[in-house]
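Have a look at this one.
Each chain carries a letter (A, B, C, D, E and F) given by its place in the written order, and its residues are counted from 1.
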Amino acid sequence: MKKFITVVSIILLLSIVRTVIFPSADRTLQASGDQEIEFVADDSGDDLLKTSINGLKQFFKFTGFRNATAGHIIMILVGILFIFLAIKYDYEPLLLIPIGAGIIMGNIPFFQEGGLNLQVGIYQEGSVMNYLYFGVMKGVYPPLIFLGIGAMTDFSSLISRPRLMLLGAAAQVGIFLTFLGALWLGFDLRESGAIGIIGGADGPTAIFLSSRIAEHLIGPIAIAAYSYMALVPVIQPPIMRLMTTKKERRIRMSPPRAVSQTEKILFPIVGLIVTTFISPSSLPLLGMLFFGNLLKESTRTKRLAETARTSMIDIVTILLGLTVGASTQADKFLTADSLIIFGLGALSFMVATAGGIVFAKVMNLFTPESRKLNPLIGAAGVSAVPDSARVVQNFGLKEDPTNHLLMHAMAPNVAGVIGSAVAAGILLSFLI
Amino acid sequence: MKKFITVVSIILLLSIVRTVIFPSADRTLQASGDQEIEFVADDSGDDLLKTSINGLKQFFKFTGFRNATAGHIIMILVGILFIFLAIKYDYEPLLLIPIGAGIIMGNIPFFQEGGLNLQVGIYQEGSVMNYLYFGVMKGVYPPLIFLGIGAMTDFSSLISRPRLMLLGAAAQVGIFLTFLGALWLGFDLRESGAIGIIGGADGPTAIFLSSRIAEHLIGPIAIAAYSYMALVPVIQPPIMRLMTTKKERRIRMSPPRAVSQTEKILFPIVGLIVTTFISPSSLPLLGMLFFGNLLKESTRTKRLAETARTSMIDIVTILLGLTVGASTQADKFLTADSLIIFGLGALSFMVATAGGIVFAKVMNLFTPESRKLNPLIGAAGVSAVPDSARVVQNFGLKEDPTNHLLMHAMAPNVAGVIGSAVAAGILLSFLI
Amino acid sequence: MKKFITVVSIILLLSIVRTVIFPSADRTLQASGDQEIEFVADDSGDDLLKTSINGLKQFFKFTGFRNATAGHIIMILVGILFIFLAIKYDYEPLLLIPIGAGIIMGNIPFFQEGGLNLQVGIYQEGSVMNYLYFGVMKGVYPPLIFLGIGAMTDFSSLISRPRLMLLGAAAQVGIFLTFLGALWLGFDLRESGAIGIIGGADGPTAIFLSSRIAEHLIGPIAIAAYSYMALVPVIQPPIMRLMTTKKERRIRMSPPRAVSQTEKILFPIVGLIVTTFISPSSLPLLGMLFFGNLLKESTRTKRLAETARTSMIDIVTILLGLTVGASTQADKFLTADSLIIFGLGALSFMVATAGGIVFAKVMNLFTPESRKLNPLIGAAGVSAVPDSARVVQNFGLKEDPTNHLLMHAMAPNVAGVIGSAVAAGILLSFLI
Amino acid sequence: MIANITILKSYLPSEAIIIAIVGYLVVFASLVLLFWFFSIIPKILYYKNRKGSKQYQGGRNEAPDHYLPGETVAAISMALHLHLSELHDEESGVLTIKKVSKTYSPWSSKIYAVRNQFNRK
Amino acid sequence: MIANITILKSYLPSEAIIIAIVGYLVVFASLVLLFWFFSIIPKILYYKNRKGSKQYQGGRNEAPDHYLPGETVAAISMALHLHLSELHDEESGVLTIKKVSKTYSPWSSKIYAVRNQFNRK
Amino acid sequence: MIANITILKSYLPSEAIIIAIVGYLVVFASLVLLFWFFSIIPKILYYKNRKGSKQYQGGRNEAPDHYLPGETVAAISMALHLHLSELHDEESGVLTIKKVSKTYSPWSSKIYAVRNQFNRK
């Protein structure tokens, strides 16, 4: 009862306030006069029901039901498919789920006729998605992800047998052949460079390069890169079978040597200086990768490394995946170019796989019997860490259930990350 | 002694440097000549003490003691009150303590006469608070908070008995009646829309909507929303007593059914599509809410969900609370409008509570005896998660110490969040 | 085999696409026509090898090998030295490792002739480092670091014996004498103020002040401040020996009293209001410091305090250290000014140490025998938390292995942080 | 309601009233649609499951075996909740315990300070 | 000091000297004010407590029961501190132990790599 | 490769072909350089160690004592890996276990909801 009195008193008070402070209440009408609510044209009709229906009609104009096109529906289904694949088959769920949700969010249809900016779409200035997309467009998220990757990667497999690095270089042939292929199909030089990097099998690198030289293609390139990275277990095995003999697949490799902490600390410092002296444009990616690794290996900054590889990379992954997904807004994404990019992407993954395997076989020609490489591990040179190393391991086990290639495959696998970042830097310095 | 020599040598070295590099030392005087330090007007007096006193006077001009007004003092006391309530009574401390500290920080008086910008105040360009406030003004923080809320909310209570969702819709009547009330009191259409959303009992939604349609009212609207959310245990019980009979309050509800993981995964996907097709302008809020929930329920992205609901939401909460608090700078905040907004806010919480209860009673008219609702849970439809569900539980226990309503109240409680986000979207599309 | 067919079909499909969608393939040539790739001038020569060599030459122009200067090499060695000191001697590794890595990254030589912007360097618009450096230039990172420091600092040593605060004030004499010294050496007023703050022995404060009044000196000032903070165990002991008698160094201090939780909660609130009323310009630093401490001591917001002192401060520390390091790009950093700043910095640390000790001795003149201070703890007033308190402890133990000064030294140590932030505020209000 | 509206109309622009009515209806519409979907979805899933292997359903939903009457669980949950709300949250509970175990002497807080501050900045 | 200033004055603009003097005084002023507040606050609180229930004070401050002489605690704390500073910080201590337990073979680091990298990106 | 290039040349601008060739060479160059460095570094370190105290090396590298043949370790690591990949990752493994222990009743998920939501915003 006490509260009832409170309610009444508040109302009374407000009424007094109203008459005292705003003697003429028409401030409202004036203020609203210059706003663009037009559905009261038949206010004179004075029929509230009729006007309400007009209001509903006006409202309906804004709904997704009215503004949806076939493109929106297709893309939403694609988003659901991504989420389904990630949950059902565990294909790179940390990426496909944010991207899938982003695709759905980016394809909710909204009213944008006559240039009206409701600040909903990712390409509309002032929208929240647009602010978050900033980190993609300016290439800020990928280096931060590399920082986290550096802080979680153990490079000792590489350090213990440095010649396996070359496999990570060889597989980057996919990048350059795809670059030429894209040119041949009619893309211009910059677009072709960005499309080529799909063959690097490294999402952040692809996003970084395309944000610099072909901003309008970030969406399809990123989606293609991540899709094929998720599909590595489907794409690689047939190529591996085609390119190797049974005998080669059964080659056993000797265990690597121990690596001291001093070497582990030297690796990021030397690696940073060597690779970025050769390709300074790779600095944002490789600098961050090696810096993250230094945080990890220095043993003095464990808390920074821990944060870099947990909350920091998680936050950036969420924002990157979501906005890359949302950048596939149907009217910008569903073009012939996107389809061609997807075709080229598939080819480039195959070429890269083959390139790694062939190079391993070539290296074997110059290697004594005891140190022969199992050419399967060349396939891990595409990067797509760590999926392609896992594919190699499983494929190897099928031939010989006691021959574990996982450890050997990790070396070209991480070298592939460095290789494609160097490649991105070179393309950048030629094409920017 | 060794160090003493070092000191002396450094000084000598610096002296040499000085004469070698700056042959004429008047660089200083020139450089400082164009700076606006005026307290040396009586330098000719040559009395260092006198000039020092002038310097102190000049300094005093900048202190808070000189620039304080009654408004500043009042607001600082309000900030202390917020902190006191949060610590003493545990009223939403995660919000009230940052907001309270923000109020104090935003009301430290500083010198700003003649347009001098010391980059201290939240409304001064270039100040740190101004940069952090950006996320409020552009509506970026609220969606990030919704992401975290999605990643910590379990919607199974809703999924298991979807009809309870309607209670979350009913309680939004507070929004629309407050909208009309604000108009009637003389606010213009956009201001009224932003004030109305206080009735949604959801802080981030209120901030998001006001940042879009009534930026100048963010402060009072946010403070009102959060204050009343903290005061829900005080505001709701009298209304609940007034609107229900003893018999109604004792109604026992049957336990909900089990919910499968598949349904839990489908909920955010279907929820996202359905609600944003109806109201695309709610996308920033609801998209993030359901995306966060998908991260949680997919079971494949636990680490992302974990980060979203811990460090990510914590960081945003700190920045949001602090800057919303600081936005109450006395000269912008202490206006008649703010007082009216507080009055309207109190009313809207009461109306919303009543709306939820009445609708539950209406639903009971069409429900068989065995599935009758306890109308108290309608009060939880205002959102203010989870306080209003707790209020319902405690109130129910007073009537019947064995009747636990908490689980039942969670459903309208989370539905109320969805409902007010939809309402915000509709107001946005009509009023932007 | 199945996959081989896939490859072939994709290629065929792409070929068809090409002829259908781009009937004339010269789109490529046109598009690339306006790009600035000039190494094909002798395309007519038609010798692929020769052109390739030209390409390599062109590429070489971009490498670090071609663009390196002595300055770059020196700075990279300095970066390596920082990392070495941090790892080998554990000198402030959380700062020196990010800064060292940043110095290396900031001094990778890149091509920037003719104003070409490859978006690599920290001073090039659009580069990732430039975006991350924004938080330094605008002074946003330091307050966030203070937030984390507040959330991890226990002020009870100060609360229990408030008179020790005065030692934290006394040591700030280093700031003001360095300010005068810098002026005398020919820097202008603002530059001198920023250089003076090195004597505050507090990295974030130094960066904050210089970002406001001498942006072009952020690099050397920050590096000097952090270097000497790391070298406190080397700089302070000789001064301490010089300024105290054996008898003084053996003074035992009585244990402090217990501090209640209420006092701990009141401290940040009172501290915030008192210090910022005196010096409103210190608000960004001291407001955040005390806000963080309130989050910690309120006992209601443990999760916010936890995030502020772990992931939040870690993320900011990584970004701050890295970009401050990178701001030492050789051509901007290696100047006579930087050298003088380093000289002045060393002096200011010595003066500050002496100032604290002398003031402790002065206080002893007015103190009864039983409450005499050990003047060594005055040295901890420079801040450099907690290293200088540790130095005091170790130095004290050498004189008397049972006399533990650590707890007593913590009080002037944290007071020194407050003192230098106040000093920064005052300089800011006079010099902005 | 209608009466209300008539009174208000003299003061309020009719577009505002329409916004309010349409808005409220649409909020309902969206939650009704969700209600409708989630009334149907379990039926579809259940139908699918019935057609599929019985074991699958069992795997998903072991509830029947360990079923506890809702009232009992509610009581348990309430007890839990009261217990938890006393501690504010799990985390702060842990921290409180730590804190208590540390305040055994006037000096203790400084030990804590030292431990914390040695990691500082 | 005064002599110093006289010497400096020939080189320095007097506003700079005033800034330095005023600045130093104000730094003192702010910490003196804080000192003064926190000399008074415990008296107020103690007065209030003495008037209030004796039990309250007890609850707040169990120190007397478990009181340890400051010297003892200082020694304990120093031991703790030296122990901790050897491990750098708690966390890194834990990680060091983990690392040691992992380097039992030339391959071990790669096991770690695998475990880490399978969560990658 | 040369044949390929000839065919492509009719369609492709020669600068593109050069970019591709130079690019690929440079990627190799950078990894060859790294390879070369890390072939040499262990020799330098080993040389230094041999000249230094024997104990130092022992301290760094206890491997010989606990040496396990690589094959064995690989098998162990694979078992570990398969085990881990089943659980997705350590963390999610933990959470899965928690989840299972919580779904004993139709109500359980809501207990979880309550616990989580009481900390909300």
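The rule is simple: a residue touches a chain if its C-beta (ideal position, glycine included) is under 8 Å from a C-beta of that chain, and two chains touch if they have at least 3 such contacts.
Because the structure is a prediction, the values reported are computed rather than measured.
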Least step count from subunit A to subunit D, where 1 means the two chains touch: 1
Chain at maximum distance from subunit C, centres defined as averaged CA atoms: D
Farthest chain (mean CA position) relative to subunit F: B
For subunit E paired with subunit F, centre-to-centre distance based on mean C-alpha positions, whole Å: 38
Computed distance of Cα centres, subunit C from subunit B, in Å: 32
Residue numbers of subunit B (touch at least two other chains): 25, 28, 32, 37, 59, 90, 94, 183-184, 189, 192, 255-256, 258, 278-279, 299-300, 303, 306, 310-311, 317, 390, 406-407, 426, 430-431
Sequence positions of subunit D contacting 2 or more other chains: 11-13, 15-17, 19, 21-22, 26, 63, 70, 73-74, 77, 81, 85, 88-89, 105-107, 110, 114, 118-119
Interface residues, subunit E side, partner subunit C - complex: 8, 11-13, 15-17, 19-24, 26-39, 41-42, 45, 60-61, 63, 69-71, 73-75, 77-78, 81, 85, 88
Touch list for subunit B against partner subunit C, complex: 1-4, 6-7, 10-11, 13-14, 17-18, 21-22, 25, 27-28, 31-32, 35, 37, 59, 62-65, 67-68, 76, 80, 83, 86-87, 90, 93-94, 97-98, 101, 104-105, 108-111, 118-120, 126-129, 131-132, 310-311, 314-315, 317-318, 322
Residues of subunit A that touch subunit D when the two form their complex: 25, 28-29, 32, 37, 39-40, 43, 48, 51-52, 54-56, 58-59, 303
Complex contacts: residues of subunit A adjacent to subunit C: 138-140, 143, 147, 181, 183-192, 212, 235, 238-239, 242, 265, 269, 272-273, 276-281, 283-284, 287, 290-291, 294-295, 298-301, 303-304, 306-308, 310-312, 336, 339-340, 343-344, 346-347, 350, 426, 428-432
In the complex with subunit A, residue positions of subunit D that touch it: 5, 11-19, 21-22, 25-26, 119
